[in-house]
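Several structures are given next for inspection.
Two complexes, one shared chain (chain A), two partners (chain B, chain C).
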Partner chain A sequence: MDSVLEIKNLQMSYDTSEGPVSALDNVSFTIMAGEAMGLVGESGCGKTSLGMCIMKLLPGNAKITHGEIFFNGEDIVPKTEDEMRKIRWKGISMIFQAAMNALNPVYKVGDQIIEAIMAHDTIKKKEAKEKVSDLYKLVGIDPKRMENYPHEYSGGMRQRAIIAMALACDPKFIIADEPTTALDVIVQDEIIDEIKIIQKKLNMIMMYISHDISVIAETCDKIGVMYAGNLIEYANTLALFDNPLHPYTIALMSSFPSIEGLKTKLNPVPGEPPNLLNPPKGCRFYPRCSYTREICKNERPEFVEIETDHFLACHRGISWK
Partner chain B sequence: MGKYIIGRIVQIIITFFIVISIIFLMFRVMPSDPSSFLLTPSMTAEAKQTIRKQFGLDEPIAVQYVIYLKNFIHGDFGNSFYSGRPVMSIIMEKMLNTIFLSTTAVILSYLIGIFIGKAIAWKRGSKAEKFFVILGLWFYTTFTPWLGIMFLWIFAFKLKWFPLGGMITPEKWIFDPSLFEKICDLGHHLILPLITYVVLWFGSYLLLMRNSMLETLKEDYILTARAKGLKEKVIKNRHAARNAMLPIVTAFAISISFSIAGAVLIETIFSWPGIGRTIVEATLRQDYPLVQGAFAVITMVVLLANFAADIAYSYLDPRITY
Partner chain C sequence: MEMINIEHLTKHFPLKKNLFSRNQQYVHAVDDISFKIKKGKILGLVGESGCGKTTTAKLLVRLMNPTSGKIYIGGKDIAGLKEDDLKKFRKNIQMIFQDPYESLNPRLTIHSTIAEPLIAQGLYDLEKIHDALEVVGLTPPEGFLYRYPHELSGGQRQRVAIARALVIDPIFVVADEPTSMLDVSIRAGVLNLMLELREKFDLTILFITHDLAVARYMCDDIAVMHNGKIVEKSNTEEIIRNPQHLYTKALLSAVPIPDPRVKRKRIRIRGKQDF
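Let's turn to the complex of A and B:
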């Protein structure tokens, strides 16, 4: 299988008045054709920053300081804004959170999708409109609703419209950034199912960002766990659930309730994430880790393939082998 | 929508009624007698009484008020105490002169302010932004008479590029000049007060537009627009400026109505025969009918401009329905 997205040693920081904030450090992973990858981690761990890095939609004070992002075999890090504009939406598109003001309130929803199509393909407005109509049917909205404004949609419909918009230019790669977080569980479930079906049907690769590991487990073939700007573990969904290796992953899983098995007390992870203005010198998780040894404080663990397709950045993992 | 418009019209009528009542009372409690301009000590008591009667000033206040309202409803503002001409025709004539200067100036300042405000918000942190923000603030806070007099002194008195005041050169108009010559003469008189006005006013729009634009640029739909791979110009104009304009529309309606009310200071400095100057003069002469009429017309303009802004708003922002 071909890799469609390959990220190597990505490093990104935000310049702030108090100094650079190391938002992403040492992030490497690959997504193969047809795969859906889930990215999980707590708020502020760099999930969205990573998504924005891949789209190159970072704010002015953010800078990619190191690393490469290969999309379709081409490194997009050195690409100019003009070159990126052609890749955006057509190559890589994004499903935004509907709770955000992702749709412009003063234009009809249909027109906003048509706008995206016409920015990339030279087709007539009428054809673009037909395409939007098809997309609406695909995501389960009545095509008549194209003529409505965003405030006339319900939350779930707005999310579906945003999905339709993300699919408008037949992208090869879709980043879904917490697409269901603001919805109630029933609508959430419907939308997740839809995303899953569409992703398989259109054979796109997907990166699904969420803080909810159960949502990710349901949607994705692979899971990446992020902590404080580091990707700490990356494996197939089943492998990760059967055999989580990083102490943070283990802690994360035991902090989620399971509807199967015995009722056990949930174990939240004690402590809080480090300040990224001045991250710990060694492993970023060591102050909260119950397996800390001397080496963890001083040396950063490498992100290595510890088993086939199972990557890990932990001193404990390496010493196990 | 229809119900809303009817409601608003009723509201406008009530507001108008309250305002003209206040205007009436305001002039009645002023401590002097308007007839004193026409009366001289040498007149006989009988002659004085005749004049007072002629202007209806011998009636009790309540009766005067009823007559006043009755005439207003008929659109009759009476005659000026000072010149004897019908108030309505004086107001219309002066109003036209004011619109010619102030409304042109407001529209120009508005367009310039919005254009620059939009551009500098987009290039936030640049030197151009700092320059224009300081410039805008500087002129926005400049004392109007000072700038007007400075301009007059430099460009009219020292450099002699422009006339010292007025709207036309009467000598030129005696010999029936061609239309082109008339326009040139008018334009020549117009430029200096117009520039003064625009310089003083564009800053407020510039700052308003810049702030509104900066707020809009933080919105998520701007990120969506960028993610969609739209061209910079499209994002700036179609997505950001379109939304940033919403609060500026209200400001425009208010300014238009203020511009009709006249730039009293500028009209005085440049001897522009507009409504602002007329109000000042009429007040000093205690010319009740003229001031009352002028205030009533201005009130109406302000009310209608705000009404128009509300209606425009519902077209610009689909979220607003009445």
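Let's turn to the complex of A and C:
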């Protein structure tokens, strides 16, 4: 199988008035053809920053300081804005988080999607319109609603329209950034279902960003866990649930209530995430970890393949093997 | 003993009148609901946004006036209480709000924030503020008293909000989605804290949430609300294992499960149905 997205040692920081904030550090992973990867972590851990790095839609004060992002074998980090324009939408596309704000309120929703298609493909407006109509059917909205404005849509419909827009130019890779966070349980469930079906049907690769590990468990083949800008564990969904190795992954799983199974007491992770202006020198999790040893304070753990397809950045894991 | 007894509580909001229409129309936000909570128990009120959960909360603490119905708290009907009597009674009922970033006044120190309800009731005592901070796990209290909300994290802020609610020893607390704005690793801590405090002070709590997994963890009983009505109410495990109402079934089948091996059967309902 050809790998379609490969990230190597990615490092990114934001310049702020108080100094550089190290938002991503030592992030490496591969998503293979047809796979869906889920990225979980708390707010501020760098999930969205990673998505924006791959789209190269970073704000002015952010810069990629190190590393490579290979998309279909080509490194996109050194690409110019003009070259990126050709890759965005057609190659890599993104479903944005805030469905309320991602649509322009003064244009008809259908026209906004047609505009996006015509900016990338040289096709007639009529054909573009037909395509949008097909996309609407795909995401489950009546094509007649193309003539409506965003305020006439419900929250769930807006999110569906955003998904249709992200799919408009037949992308090979789609980044879904918390696409259901602002929605109600039942609507959330419908949208997740839809995304999963579409991803398999169009055989795209997907990166699904969420803070909710139960949503990820249901949608993705692989899971990456992020903490304070580091990717700390990356494995197949089943392997990660059966055999979580990083203390943070274990803690995260036991802090989630479920409606299935026995009711067990939740174990919160003590403390707070570190300030990334001045991250801990060694492992970034050590101040909150219950297995800390001397080495964790001073040495950063390498991100290594500890079992087949199971990657881990933890000193404890290495000494086990 | 029933600490809380709600009978036929109703709240209608008038709609904007059309120039030519004769009849005033109303939105039935809360439509004839009744329930009871025993002393020391937690009742979960679950439902989707717009179903009337928060309106119910505001009616129970009398931040809104009910259109009709009775609200018995500790045997006394507070639905019709006015000004001075209401103010006196307020020390018995407290509310914890959803967003700790908005429910704390940014210009007040933690000390002033927690002192406010005490001063309003004429009970100010620094010792009480110390105790309240200690109880919610903000220790040492001296380290927090003169700080401002912006210096605290989300979890710490919500703990301050809980301390503010508990400092005047209420008998009934309404918690409106108290953890939905918090991160997972912090959320578990706040949920556990609320369970501990319930044990310690024998509190009666109405816990409002849209998250059934959280409701299962927190509540003794669950009431499911839909379009302003309570459609089902029962013991928590009973509702989770054996839901009776179609809406409850649909709601339960939509909850994602943190276990990749479990495959859910989904029940779909379309549109705004009346049940």
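For this structure, a couple of remarks:
Keep this in mind: the second predicted complex is superposed on the first by the 318 of 321 C-alpha atoms of A that agree within 3 Å, B and C clash if a C-alpha of one lies under 4 Å from a C-alpha of the other, contacts with A are read in each partner's own complex, and residues count from 1 in each chain.
Here, contacts are C-beta pairs under 8 Å (C-beta built on N, C-alpha and C of every residue); 3 or more make two chains touch, one makes a residue touch a chain.
If you're wondering where the values come from, they're calculated on a predicted model, not measured in any experiment.
Annotation: superposed three-chain arrangement on chain A; chain B versus chain C shows no clash, the two fitting side by side. Within the superposed three-chain model, A:Asp193 lies in touch with chain C and out of touch with chain B [touch as defined at top].
In the superposed model, C is the one of chain B and chain C that contacts more residues of chain A. In the superposition on chain A, A:Arg88 makes contact with chain B only, while chain C stays out of contact range. Within the superposed three-chain model, A:Ala119 lies in touch with chain B and out of touch with chain C [touch as defined at top].
Of the two partner chains, chain B is the only one that A:His151 touches; chain C does not reach it. In the superposed model, A:Phe96 makes contact with chain B only, not with chain C.
Here the smallest spacing between CA atoms of chain B and those of chain C, following superposition, is 9 Å. On chain A, the positions that touch chain C within their shared complex are 42-43, 184-186, 188-190, 192-193, 211-215, 217-218, 237-238, 241, 251-253, 255-261, 263, 265-270, 272. Residues of chain B that touch chain A in their complex: 125, 219-221, 223-231, 234, 239, 242-243, 316-319. Against chain A, in their complex, chain C makes its touches with residues 48-49, 153, 155, 183-189, 191-192, 210-214, 216-217, 240, 250-262, 264, 266, 268-269.
Within the complex formed with chain B, the chain A residues making contact are 55, 57, 60, 84-90, 93-94, 96, 100-106, 115-116, 119-120, 149, 151, 165.
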